[in-house]
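In the two complexes below, chain A is the common chain; its partner is chain B in one and chain C in the other.
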Partner chain A sequence: MKSVPWVILLVGIVLFPLTGDIHWTRVLIEIFMWITVSLGFRLILTAGQINLAQIAFMGLGGYAVAILTTKLGLNYWPSLLIAVGSTAVFALGIGYISLRTKGIHFALATFAVAEIVRLIWIEWKSLFGGVGGIPNIPPPNSVLGIQFGNVISYYYFAFIMVIFSMAVMYRIERSRFGMALLIFEHTEDLAQSVGIDCFRYKNIAFVIGSSFAGLAGGFFAAFFHYVGSEDFTIHQTFYVLIYVLTGGIQSFYGTLLGVSSLIICLKMIHHIPGFNPVWEPLFLGCTLLAVMKFLPGGLISLPGRLSLERFKLDLKRGERIAGD
Partner chain B sequence: MLEIRGITKLFGGLAALREVSALVEREKIFGLIGPNGAGKTTLFNVITGFYRPTQGEIIYNSKNITGLKPFEVATIGIGRTYQQNNLFYEFTVERNIFLASHMRPKSGIVEDLVGTSSAKKKREVIEHKIEEILTLLELTSFRNELAKNLPHGFQRMLGIGIALATEPELLLLDEPFSGMNAAETESMMGHIKRIHKEKSIGVLLVEHDMKAVMGLCERIIVLNFGEKIAEGSAEEIRENPIVIEAYLGVEDVVQY
Partner chain C sequence: MNSFLFYQSLVNSLVLAMIIILVALGLNLVFGIMNIVNLAHGELYMLGAYSLWWFHIKAEVPYFTGLILAVLAVGIFAVLLEKLVFKSLRGQTLAGLLVSIGLILALQTSAILLFGEQPRGVPAPEILKGVIRVSNISISKERFAVIIVCSICLFLVYLFINRSRIGKAVQAVAQDPDAAALQGISIDFISTLVMGLGGGMAAVAGCLMGTINPITSTVGAQPLLEALVVIVLGGLGSIPGTIVGGMIIGLTKGFVGTFFTNTIASISVYSILFIFLIVRPAGIFGRD
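So, the complex of A and B:
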């Protein structure tokens, strides 16, 4: 019976587009997309590595689809496949070099990668379209009789994408590979001593995580029919970082929670009269500070925390009674 | 089974080890002693691949293993513990052994992610192994305890459990008795003896507790300032004037 609310939630999400609310359907699509990116980001984060190039990998996926479909006239689906593959290959190269470093050094190395990639998009005008980006990306070809055009079709595309990512993360979290990742941050020496090839594992995690970004980027290109360097700036990586930390990293469910709740909050902020874009980072920054201070385990740790507090309260009451 | 051939390790101009050679056999418990800074832990780190020796070779089962990475050294059957407790602190005792069983039995990442029946069987094998190790080290009552919450003596024991989970043929123990009281030392000695005899695992241990070393080790190697100054049985070492001199604290050695 415990699963009943979850089933209702799932059915609600599956049927949501039928309400005809275009605005919130689009919001949900965005949530699905960012969940995919954030899950990938979280995977390598569990090994203690902050990958600030995640957004660049998303952009790579997007640009790859854009170039393949507009310049080479390729069909969308093979383009998406190639986009994810090339993101993975690129990530393998970057990871092979940068995963030798840890902590702040890795974060800075990937930050540099993100900036270099972004500058290449801007400067290499003939291929990447410069500041203007690449417009007029055609919608995906129809599959199984489903035409891509309206929001609903994209909704289910994104939904399948996010279910796929979650399934992969679910399996990883329960695999020996996924559990081994968790010990690298603080006990890499010991992990080596029990025969785990930490470097290889981190590379695999990095490639899987980055491919998720590439996949989401490929979706982005189809959904917005446009990619540009402004869509994949380092700010977006920090947004992802804040989503993930707010949700809590112990479990990938935390990421789902963090991304959905914060994006919904951001969209609500847009409706406040006198809205200024500056409010977005301001809100996220304050959220991050509050979470770090009051709920270091993130939203996912909230139920546990509440029951702990209740237990403490009971204990106090018990003492008082015993004292009387 | 393990041959150390003329190992020299320089840190800058400083020789932490100078032409150290030794032969470690499976049949005996080997002790490695020496004053602080003699190079004992450095030698461990060279054997296990954490340091690359400046000169010399490490031969294991007639295979040259010099320059292998630490995880590769673990894979060929050399397990180690650390001088400071080094555990997967945030995990339960059971999970510690589970994580340490990573390569035996080994499952491929894909097989593991998909959850094939062979991957499931391997998990069962690990469950058995966890029981066996926890029983052997008398840690069963702590199985669901987080490693960081264990008392010191049991943390040391779990360190050995982690090394055992890699199913080593040779176990390198770095000060297994450090910070232990007499009773704990006694019980740890019993465990090490049992591991050596019953599982026929070779043991090389670094230790300062002379009583334990003399009581446990059948052969002792003495290092001083990075050089091997003596090797022999406990009796021989106890009476060796060079060793006594090296230890300055002459009484320490004579007493036992």
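So, the complex of A and C:
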């Protein structure tokens, strides 16, 4: 009977668009999109590597779909496949070079990649449209009789995308591969000595994580009908990082929790009178500082922590009673 | 290449290099002592520029007094940051990196709320207006001031680190914190000092560039990225490496920027970072 609330939640999410609330349906679509990106980001983070180029991979997916559909007139669905594939190939190249470095050096190398890619989008005007980006991306072609026009169709597209990525992550987390990733941060040498090919494992994780970003980027292009270099700046990677850390990285449920709670908070801020768009980064920045200081395990560690606190409290009370 | 263009680019590169070195040196000193790459270092640069604007335009303090006040204010702010945020993270590189990302977002948006969204500008004082000409090479006086002021700052920091007792203590902590602590050097004090010094240097760079270019809340991002390139190039924690790396980056930016576009100059600078991280992560002067 423990699963009853979860089933209710799931049914609620599936049926939500039927309420006809366009605003919150769009918010949920955004949440699904960022969950996909964040799950990919978290996968390589569990191996102790901070990939600051995640947003660049998302942008690559988006730009690939945009170019294939608007310039070559290709169908949306094959374009999406090609976009994810090309993001994976690019990630393989970058990963193969930069995963030899660790810790701060890896973060800086991916930071450099993100900046280079963004500047190329701006500089190469004929292909990527410069600062203006690529507008007028057509909606996806209808599949199984579903027309892509209204928000509800995109909702279920995003929903299937997020369910797919969660299923992949669930499988990975319970596999030998996923467990091996977890130990790299602390004992890479030991892992290597028992015959785990760390470099190869990290490469695979990096490619899978980046492909998720490419997939979400392809969705982004279809949903907003537009891609531009301003949508994929390093700040967006910072946001993803904050979602993941706020949720907690021990389990991928933490990522779900972090993305949904923070994006819902961000949308709530919009309703405060005198709202100013700069409150968003301010809120997220302060959230990160607070989480790092007071809750290093993220939101997901909260229940365990609370019960631990209660346990300590009980212990103290018990001692006091014993003392009396 | 004609010689006029060559010398003109050389002078421009020197100005760029000086600013980058000043920012990178602070970043690198902090890394050497605390093992933290403070990505919010660019925000100290930005705050320096804004403080100068505030003191000079809003509070109507004379330019040079305003400059000194701005540098002091940012130095004190950096000390507070160290005390409140970074002190507990000393030695934890990745945690420090993450926290500094939070600081970037918080400080940039606070700057918008405090100083307004529109770009701000600080007019150069009378003494810095006009152009200096040597044969047919010209340089504006404000840019020439950048070279002079930065050189003086670098020289003073060099003297401080190599000649003074406290400077030697800074070197000792960078080499071996435990041994330094056993000799009675307070690591807390040295960390605070270096953070304040680094913040002050970033503020000097920010004030000088704020006089030349418009000031916005994101103005610190580019010097920060370039400073990161410089310290990777020169070696994390190495002071001579910072100066050599700064010169290389300044020259690359100056010359590529002259002959191609500024965007291509930036792309080549980040490519240098990427290549160096892969080929020689320890940098030119770094220890492996």
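Basically, the second predicted complex is superposed on the first by the 324 of 324 C-alpha atoms of A that agree within 3 Å, B and C clash if a C-alpha of one lies under 4 Å from a C-alpha of the other, contacts with A are read in each partner's own complex, and residues count from 1 in each chain.
In this section, a residue touches a chain if its C-beta (ideal position, glycine included) is under 8 Å from a C-beta of that chain, and two chains touch if they have at least 3 such contacts.
Computed from a predicted structure; not experimentally measured.
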Touching partner for A:H235 - first (chain B), second (chain C), both, neither: second
Touched partner set for A:I204, first chain B, second chain C, both or neither: first
Which of chain B and chain C A:I67 touches, first, second, both or neither: neither
Chain A residues touched - chain C or chain B, whichever exceeds: C
First (chain B), second (chain C), both or neither touched by A:M292: second
Touched partner set for A:L256, first chain B, second chain C, both or neither: neither
Partner chain in contact with A:L190 - chain B first, chain C second, else both or neither: first
Which of chain B and chain C A:A180 touches, first, second, both or neither: first
Which superposed partner A:M33 touches (first chain B, second chain C, both, neither): neither
For the chain C and chain A complex, residues of the former touching the latter: 37, 85, 93-95, 97-99, 101-110, 112-113, 117, 225, 228-229, 232, 261, 263-264, 266-267, 270-271, 273-274, 277-278, 281
Residues of chain A touching chain C in the complex: 48, 50, 97-98, 100-101, 103-105, 107-109, 111-113, 115-116, 119-120, 122-123, 235, 238, 241-242, 245, 276, 278-279, 281-282, 284-289, 292
Footprint of chain B on chain A - complex, ascending: 168, 171-172, 174-177, 179-180, 183, 186-187, 189-198, 204
For the chain B and chain A complex, residues of the former touching the latter: 48, 50, 69-71, 74-75, 79-80, 82, 86-91, 95, 98-104, 107, 109, 112-115, 162-163, 165-166
